[in-house]
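Two complexes follow with chain A in common, the first pairing it with chain B and the second with chain C.
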Partner chain A sequence: MRSGFRQRLLSPQGIVTVVALCVLLLAVVFAPIVWGPAAALTAVADRGQGPSGAHPFGTDDLGRDVLARVLVATRLSVLLALGSTTIAIVGGTTLGVVATVLPRPVRRMVTALIDILLSFPWLLLTLFFSVIWGASASGAMLAVGFADVPTVARLTYTLASSVTGRDYVRAARIVGVGHAGVIVRHVLPNILPPLLVNTAAHASAALLSFAGLSFLGLGVQAPEFDWGRLLREGVARIYVNPMVALGPGIAIVLTGLILNSIGSLTGETASSALPPPRARARRRPGAPERAGSAAVVEAADLRVSFPGPDGGLVERVRGVSLTIAPGETVGIVGASGSGKSVTAMAIAGLLPGEAHVGAETLRFQDIDMTSPPTSAERGRLGLELAVIFQDPLTSLNPSLTIERQLTEVSEVHDGVPRKEARRRARDVLESVGITEPERRARQYPHELSGGMRQRAMLGMGLMGRPRLIIADEPTTALDVTVQRQVLRVLHEARRRTGSAILFISHDIALVSGFCDRVLVMKDGEIVEELAASGLAQAAHPYTRALVACVPHMTTDRSRPLPVIGDGDVAEEARA
Partner chain B sequence: MAIPPGAAPGPASLPADLTRVGPALPGRRPSPRASFLLRRSGRALVSLGVVVAATFLVVHLVPGDPVRAALGPSATPELVQRTRAELGLDKPALQQFADYLSGLLRGDLGISLRSHRPVSATLAERFPTTLTLAGLAFLVAALGAVPIGVATAVSAWGGRRRSLHSVVSWLLGGLIAIPNFLLAVGFIALFGITMNVLPVAGWGGAAEAVLPAAALAIGPMAYLARIVHVEMLAVLGTPYMTTARSKRLPARLLYLRHALPNMITAALASGGLILTGLVAGTVLIEAVFVIPGLGSTIVASITAKDYPMIQGVVLVYALLVLALNLLIDLALSGLDPRSSIMEG
Partner chain C sequence: MSTLQYTDLTVRYGHGAGARLAVQGVDLTVASGGVHGLVGESGSGKSTLAAAAVGLVRPVAGTIRLDGVDIAGSSATARTARRRVQLIFQDPFSALDPRMPVGASIAEAMRARGRRPTRAEKTRRVGELLRRVHLDPARAGDLPAAFSGGQRQRVTIARALAAEPDVIIADEITSALDVSVQGVVLNLLRELRAELDLTILFISHNLAVVRYVCDTVSVMRHGRIVESGDTDGVLSMPRDPYTRELVAAVPVMGERFDQRFDQRFDQRFDWGEESQ
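This part shows the complex of A and B:
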C-alpha cells in the first residue's frame, strides 16, 4: 500500500494535487495578510464594475475588489470546513467505538438510531441542527459537523465490530483487559488508518455543505465573509456582474476538487475500472477455406488467451484440434484450469470480450465462428447450438419466469407466435421430466429445486433444433441421485433429437460411462484421445492418473486416495 | 453526506435460496415479501416516532429562552409571557408533548410567530410547489441516468469506444462534484444573462421550471448514472447473461428483458439515498431561483426563529423522505421476484 501511495503521488494527478494543495495552504495562511486591505477597501466610484485589468473579477456594490475578497475568504472557508470535519470525525468515532462496547439492547438501539438518521439527507440534518444553534458561523460549524456524525459513526461501528470479534481481542478480554483498555490498545489503532483515509472526502463534503448554509444566510454573517456568503451577495448582483457570483463558486468547486483528489490519493482503491479491450477473434491468414463439411464442430489449432494480471497475455488454450461428428457424444475431462470450459465456450462463441481467440479453423456446421455471425447465422446458432452450464441457479435469469426463458428462442428465431411457443414450452418441460409443467412454467427459477432448474435449462436448449448440446459440468452442482436423473434426461434428449453432445467434466468415471469418445486436457492441450471403452489402455500418464483416482470395489480403503501431483500417482497406476 | 460509491452486491452474489428464511410459524409461513414489507414498515414507524420527537424537542434544545430569542430584545416581558403561554411552553414538558401529539393528529401545527397564520395553512400553500419541483427533478434524473448508465456499461463491456467511455466517466465525475446551488448560479449566468433564453426567478409557468429542475436533477442524475453503470456491468458478467447470449437474442431483448430488471432493483437499492437527497436539495434551489416553496419558508423561519413554522416544515420534509423510502421499498419488493434483497 505504501509503495502504491508513492506511485500515485508521482502520477500526473498526484503532482497536480500536491501543487494545488500547497497553493491552497499558502492562500489560507497569507491571503488575509496580503489582500486583506484590498478586500476591505471601499471605493464608491468603482462600485459594481465588471472585470477589468485592475479588478479581474470586477467590484462589488461597495467598490471592493471581488478577487481579493475571494482570496481572503479562503482562510475562513477552509478553517470552518476543517472545524466541522473535526467535529464529525471525533464525534462519530467516539459514538461508533462506544457503541461496540455497550450492552446488547442499548447497542441495538444506538445503531438503529444511527441508521434512521442516515436515511435522512444531510441537508435536512444540517438544517435541523442549525435551528438549535442559530444562524452564525459557529452554529453552522456545529450543525455541519453534527450532521455528518452518523455517517462517521456507522463506518466506525462497522470497522470496530470487525476488530472486537477477533481472537486476540477476545484473548485480551479473557486475561482481564477492560473496555477502555481494549478500545485504546486494540480497536483504535486498527480502525484509525481507514478512518483517516476518509477524512479528505468528509472535508470536501463539509466545505460544500458550509458553502450551502452560508449561501442560505444561515452560516457566516456580515461583515465577515466566507465563499458561501460571497456567493449569496454575488447572486443578488449577478445581472450587474456575473463574476461576483461565479468567482466564489469557482473557488468552492476547485477546493472541493482538491480535497476529493487528496481522498483518492490516500484511498487504497484508486479504481480505474476500465473495461477489457475488445475481443479479437481472428483467423490465421492463409487458413484453408473448407465449405460444406459434414462435422458438427471442427476446430484446428484453437488458441485462446486472456489478459494476465501483469498486463501481458496468458494462453489458456494452446493449439486444440477436435472434430465432433453429428450425433456423437464427446467428453472432455481435465482438472480445473485445464482449459476445457474455455475450449467449449470458444466453440460456442461465448467467450467474454477480453478473450483473444485464434484458430486455423473454428466452425460450427458451416458457420465460421472466428468472425461475428450474420443475423441469419445468429438465428441458426440460437436454434441449433444449446449450452447447459454448471450452476443452473445462477445461469437462469432470476427475474423472468421459466416459461419466458423457454419461449423466447422459438419466438425470436423461429417466428413462432407466443401462444404456440407456450404450448411447446409445456411439452418440452414435460419431456425433460418436469412434473406439473403448467404450474412450473409460471414459476421463477428460485422456486424450483436444483435438479429441476437443470432440467429447465436443458429444456431451453431443446426449444430449438439442437445439432450440438454443450454441457459444461452440468451435474457438478447437483447431488448424486439428481446427477443420474439429469444425465438420463440428457441421454434421452440426444436420442430424440440426434444432437451431438460435448460433455465437459472433471469426473472421468462419469464421462466414460456417458460418452463415445473422451478427450483428456491438461494445461490447455489435449494430451490424449480415446474411445470411452478403451480407458484401461490409456497411454498418457496423466490419463492413467485420472483413472487411478476413481475408487472402485477393490480399492484399499485403509490407504488415502491418490492425488495427482508430481507424477507419483502415475507411477502407482502403472504398478 | 459522504456516500461511498460502493455498490450493493450484484445479483450474482446474493443468496437467493429462500430455504434460508428459516423456520416459521407452524402451518402459516409468511412470504418473504410480506415479512420484508412488515419489517420496513416497522422501521418507517420507528423513524416517524423519532421525527415527531425530534421536531418537538428542537424548541427545547435551543440554548437560552427560545421565546425571548424569537421576539428579540425589544419585546416587553408581558409579550414574552403571553407568547410563551400561546406556545404552551409554560406547561409541564409531558403535557406539552401530549398537546403537540394531539395537535398533529388534528392537523393543528400551531400559529406562526411571524405571520400569525396557522402553520398548516402556509404548508398547504407551499408544499405543492416543492413537490412539483422535486418530482420534475426526479423524472429528469431517473430518465437521464438509466440510458446513460446502461449505454456506457454496454459499451464498456464489449471493450469498445474506450476513449468515449473515459470522457463520459470524467464528465459524470465533474457533475457529481459540483453542488446543485453552484450549478444553478452557473445556469443563471449562462442561460439567463449571457443567452437570455430562460427566466431565472419565480415560479408558475413551464419555462420557469426548466432551470430549477435541471440544476436540481443533474448532480443526482450523474451519481445515479454511475450506479446504473456499475450495476449493469455486474449484471452483464453474470452466468444468466451468458445463457441469454447463448440464445443469440437481439440486443434489444438481451438488455431490456434480461439485464434491465435485474439491474434496476440493484440500482434502486443503492440509489435510494440519492433520491431522498433530491427532496432536501429543493431548499438550496428554491433559494437561488426565489421559488415560494417549503425550502424558502424554512430558511426564512430559521432566520426569524419562528419555531412553530420550523417544526411544521421540518416535519413535512421528514415525512416526505420517509414516504419516499417506503415507496422505494415497495418498488423493490414488487420488482424482484427472488426477494433476495429482502432478507437483509
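This part shows the complex of A and C:
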C-alpha cells in the first residue's frame, strides 16, 4: 500500500497535485504579507476599472486591486474551510467510532439521533447554527463544521461497524484488549483510507459552503474578506467587469480541485496502469481448424495470463489440452492457484476482461470459443452450458425470486412463453429435489439453505438442454451430508440429460468417487491424467502426494501426515 | 493441564419471537491434556460453544468452568480466567488485522496474562513463537498480505500461544485451507499438543480430520449433543442415526458414488430434511 502511494505520487497527476499544493500553501502563508498593503490600498481615482496591466483583474468600488485581494483572501478562505472540516471530521469520527462500542440501547439512541439529523437538509442545519453563533467568520466555521458532523458520523459508524465484526477484533477482545485499545489499534487504522478521501472531499465542500455563506452575507463580515465576500462584491458588476466576480470564482474552483486531487492520491482505489485488455481468446495463426468433432469440449494448448501486481503478465494456465466426451464426467483436482478454475472458466468463456487467453483450439460443441460468439451462439451457450459456482449466495441474484431466475433462461434463450416457463421451472425444482416447489419458487435465495441454493443453481442449468455442466467446487462450502444430496442431484441430472460434467474440486477422494476421469493440475499444467479408479495407483509423485496428504478414515494416527513440500508456494500464487 | 467443562449450557440468539436456541442444555467435558473433537453440520451450535467459552456470547443458562472456576460470567475473575482459553478462527484472512504487522498481532496477545513486556522481550518472544510454528522470525514486521493462507493460520496459532493458554479451541481451522496445506497445520497442532501439554477442543465438520486429531469426540445436531465418546468407538460403531449418516457421507477414496447411493442411502434419503 505504501509503495502504491509513492507510485501515485510520482504519476503526472501526483506531481501536478504536489506542485499546486505547494503554491497554495505559499499563498496561504505569504500572500497577506506580500499583497496585504496593496489589497487594502484604496484609490478613489482608480475605482471600478476593468482589467489592465497594473490591475490584471481590475479594481473594486474603492479602487482596490482585485487580484491582490483574491490572493490575500486565500489564507482566510482556506483556513476557515480546514477549520470546519476539522470540526466535522473530529466530531463525526469520534461520535461514529464511539457509537460502535456503546452498549446496545445507547448505541441505538445515538444512531437514531444521527439518522434524524441526517434527514434535515444540510443547508437548513448550517443556517440554523449560523443563527446560533451569529454572522461572523468563526460563527460560520462552527456552523459549517457542526452541520457536517452527522454525515461524517454516519459514514464512520458504518465503516467502523464492519471492522468491529471481524475476527481479528474478536481475537483482540479475547486476549483482553479494551474498547479504547480496539479503537486505536484496529478500528482507526482500518477505516483511515476511506476517511482520508472523505476528509478531502469534505474540505472542498466546506470551501464552497463558505463561499455560499459569505455570498449570502452570513459568513465573513467587512472589513475582513474571503473569496465568498469578494464574489458578493463582484457579482453586482459582473456585466461591467466580469473578472471582479470570476477571479474569486476561479480561486475557489482551483483550490477545490487541489483538495479533491489530494483525496484521490491518498485513496487506495486508484487503478494502476494495465496493458490494454483483450478478454476474448485469440486463436494463434496457423493452427489447424478442425471440423466439428464429437467431443463436447476440445481444448489444445490453452494458455491464460493475468496482469500481475508489477504490471507484467502472470501465466496461470500453461498449455492445457483436454477433451470431454458427451456424457462423460471429468474431474480436475489441484491446490488453489493450480489453474483448475481458470481452465474451466476459459472453456465457459467467463474469464474477466483483463485475462489474456490463447489457444490452438478452444471449442464447446461446434462453437469456437476463441472468437466472440454471435447472438445465435450466445443463445446456444445459454441453453447448453451450465455453471455452478462454489458460493450460490453470490452467484444467484439476491433480489429476484428463484422462479424468476429459472424462467429467465428459457424466456431469453429459448423464447418460451412465461406461463410455460413457469411450469417448467416447477418441474425442474422438483427434479433437483426441492420439496414444495410451488412455495420455494416464490422465495428469494437468502430464504433457502446452502444446499437448496446450490440445487436451485443447478436447476437454472437444467432449464436449458445442457451438454456440459461445469461445477466449480460446488460442495466445498457445504456439510458432508448436504454435499451428498447436491452430488446426487448432479449425478441424477447427468443420467437424465446425458450432459457431460466438468467437476472441479480439491477433495481428491470426492473426485475419485464421482468422476470417470481425473486431471491433476499443478502450477497451470496438467501433470497427470488417469481413470478415477486408478488414482490410488497414480504414477506421478505430485498426484501420489495429493492423495497421501489428505487424512481419511483409516489414516495411521500415530504418524504425522505426509506434507506436500511446496504446498505453500503453490498457494502463494493466489495470495 | 486444565479441564474445560460445560454444564447444561444454553445459548439464545435474538429476542422475543425471533429468538433461536443455538445451544440447548449441552454437557461437555474436555479432559485435561486431551483433544476433544466436536462435529456437526453448520448451524448445529459448534461455534457457539467456542464463542461462549471465550466470552464472545453470554449463555442464558448453565455454566462453563475451567478447572472449576467459572469463566462464562461477567465478573472480573471470570474475565481474567477465561483468557486462559484461546480461540483459533476458521478464516485466516479475516483473523489478522490487515494493517498490523504479524509480530504486533502476536505481541498484542501477550497482554492476556496481564504482562507488560518490554520491547526487547516482545521481539524475543515473538521470534520464539514464529519459530515454533515454523515461520521465519525475520518476517515479524510483514503485513498479513505477505503470507499465504496456511502461513497466516500458523500466525494465528502463534498468536493464540502468545497468550499462554491452557486450553485452545480450534474452530474449523483447516476448512478454509487447501488440502495440501491442511496437513501442515494439523501436524503443527499435534506437535504443539505434545510439547506444550495443551487441552484442545477441536471443532470440524470433517470426520476424517477429527478422527486423525482427536482422542474423544462429540456429535452435535440442532444445538444438542447426540453422541459422545471415544473417537474410534463413535466413528466405527455409531449409535445415533445422525452420526451414522455423517459417517456414511464421508467420501472414500476410490469408492464409486452412484453405487453407494443405490446400496446404502436410497431409502433413508430425505430431500427436504435439511434445515435452514
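The definition used in the following text is that the second predicted complex is superposed on the first by the 346 of 575 C-alpha atoms of A that agree within 3 Å, B and C clash if a C-alpha of one lies under 4 Å from a C-alpha of the other, contacts with A are read in each partner's own complex, and residues count from 1 in each chain.
Everything that follows uses one rule, which is that a contact is a pair of C-beta atoms (placed from the backbone, for glycine too) under 8 Å apart; a residue touches a chain by one contact, two chains touch by 3 or more.
Model, not experiment: these values are computed from the prediction.
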*Please work out whether A:335 is in contact with chain B alone, chain C alone, both, or neither, and reply first, second, both or neither.*
second
_Quick check for you: in the superposed arrangement, does A:419 touch first (chain B), second (chain C), both or neither?_
neither
*With the two structures laid over each other on chain A, which partner does A:510 touch: chain B (first), chain C (second), both, or neither?*
second
_One more residue to check, A:435. First (chain B), second (chain C), both or neither?_
second
*Between chain B (first) and chain C (second), which does A:104 come into contact with in this model arrangement: first, second, both, or neither?*
neither
*Shared contact residues on chain A for chain B and chain C?*
447
_chain C-touching residues of chain A, taken from the complex the two chains share_ = 166-168, 170-177, 185-186, 189-190, 335-336, 433-436, 447-452, 479-485, 487-488, 491, 506-510, 512-514, 532-533, 535-536, 545-547, 549-553, 555, 557, 560-564, 567-568, 570-572, 574-575
*Contacting residues of chain C [partner chain A, same complex]*: 41-42, 54-56, 79-80, 83, 86-87, 89, 91, 94-100, 105, 108-109, 111-112, 114, 145, 147-151, 156, 159, 163, 178-184, 186-187, 190-191, 205-209, 211-212, 235, 245-247, 249-258, 260-261, 265, 269, 271-272, 274-276
*Which positions of chain B touch chain A when the two form their complex?*
1-2, 11-12, 16-18, 43, 46-47, 50, 54, 58, 61-63, 69, 156-160, 162, 165-166, 177-179, 181-182, 185-186, 188-189, 193-194, 233, 237-240, 242-250, 253, 257-258, 261-262, 265, 273, 276-277, 279-281, 283-284, 287-288, 298-299, 302-303, 305, 307, 310, 314, 317-318, 321-322, 325, 335-338, 340
*chain A residues touching chain B - in the complex, by the definition given at the top*: 112-113, 116, 119-124, 127-128, 130-135, 147-148, 151, 198, 201-202, 204-206, 208-209, 211-212, 215-218, 231, 234-235, 238-239, 242, 245-246, 249, 252-253, 256-257, 260, 273-279, 348, 350, 352-354, 373, 378-379, 381-382, 385-387, 389, 391, 393-400, 404, 408-409, 412-413, 444, 446-447, 457, 460
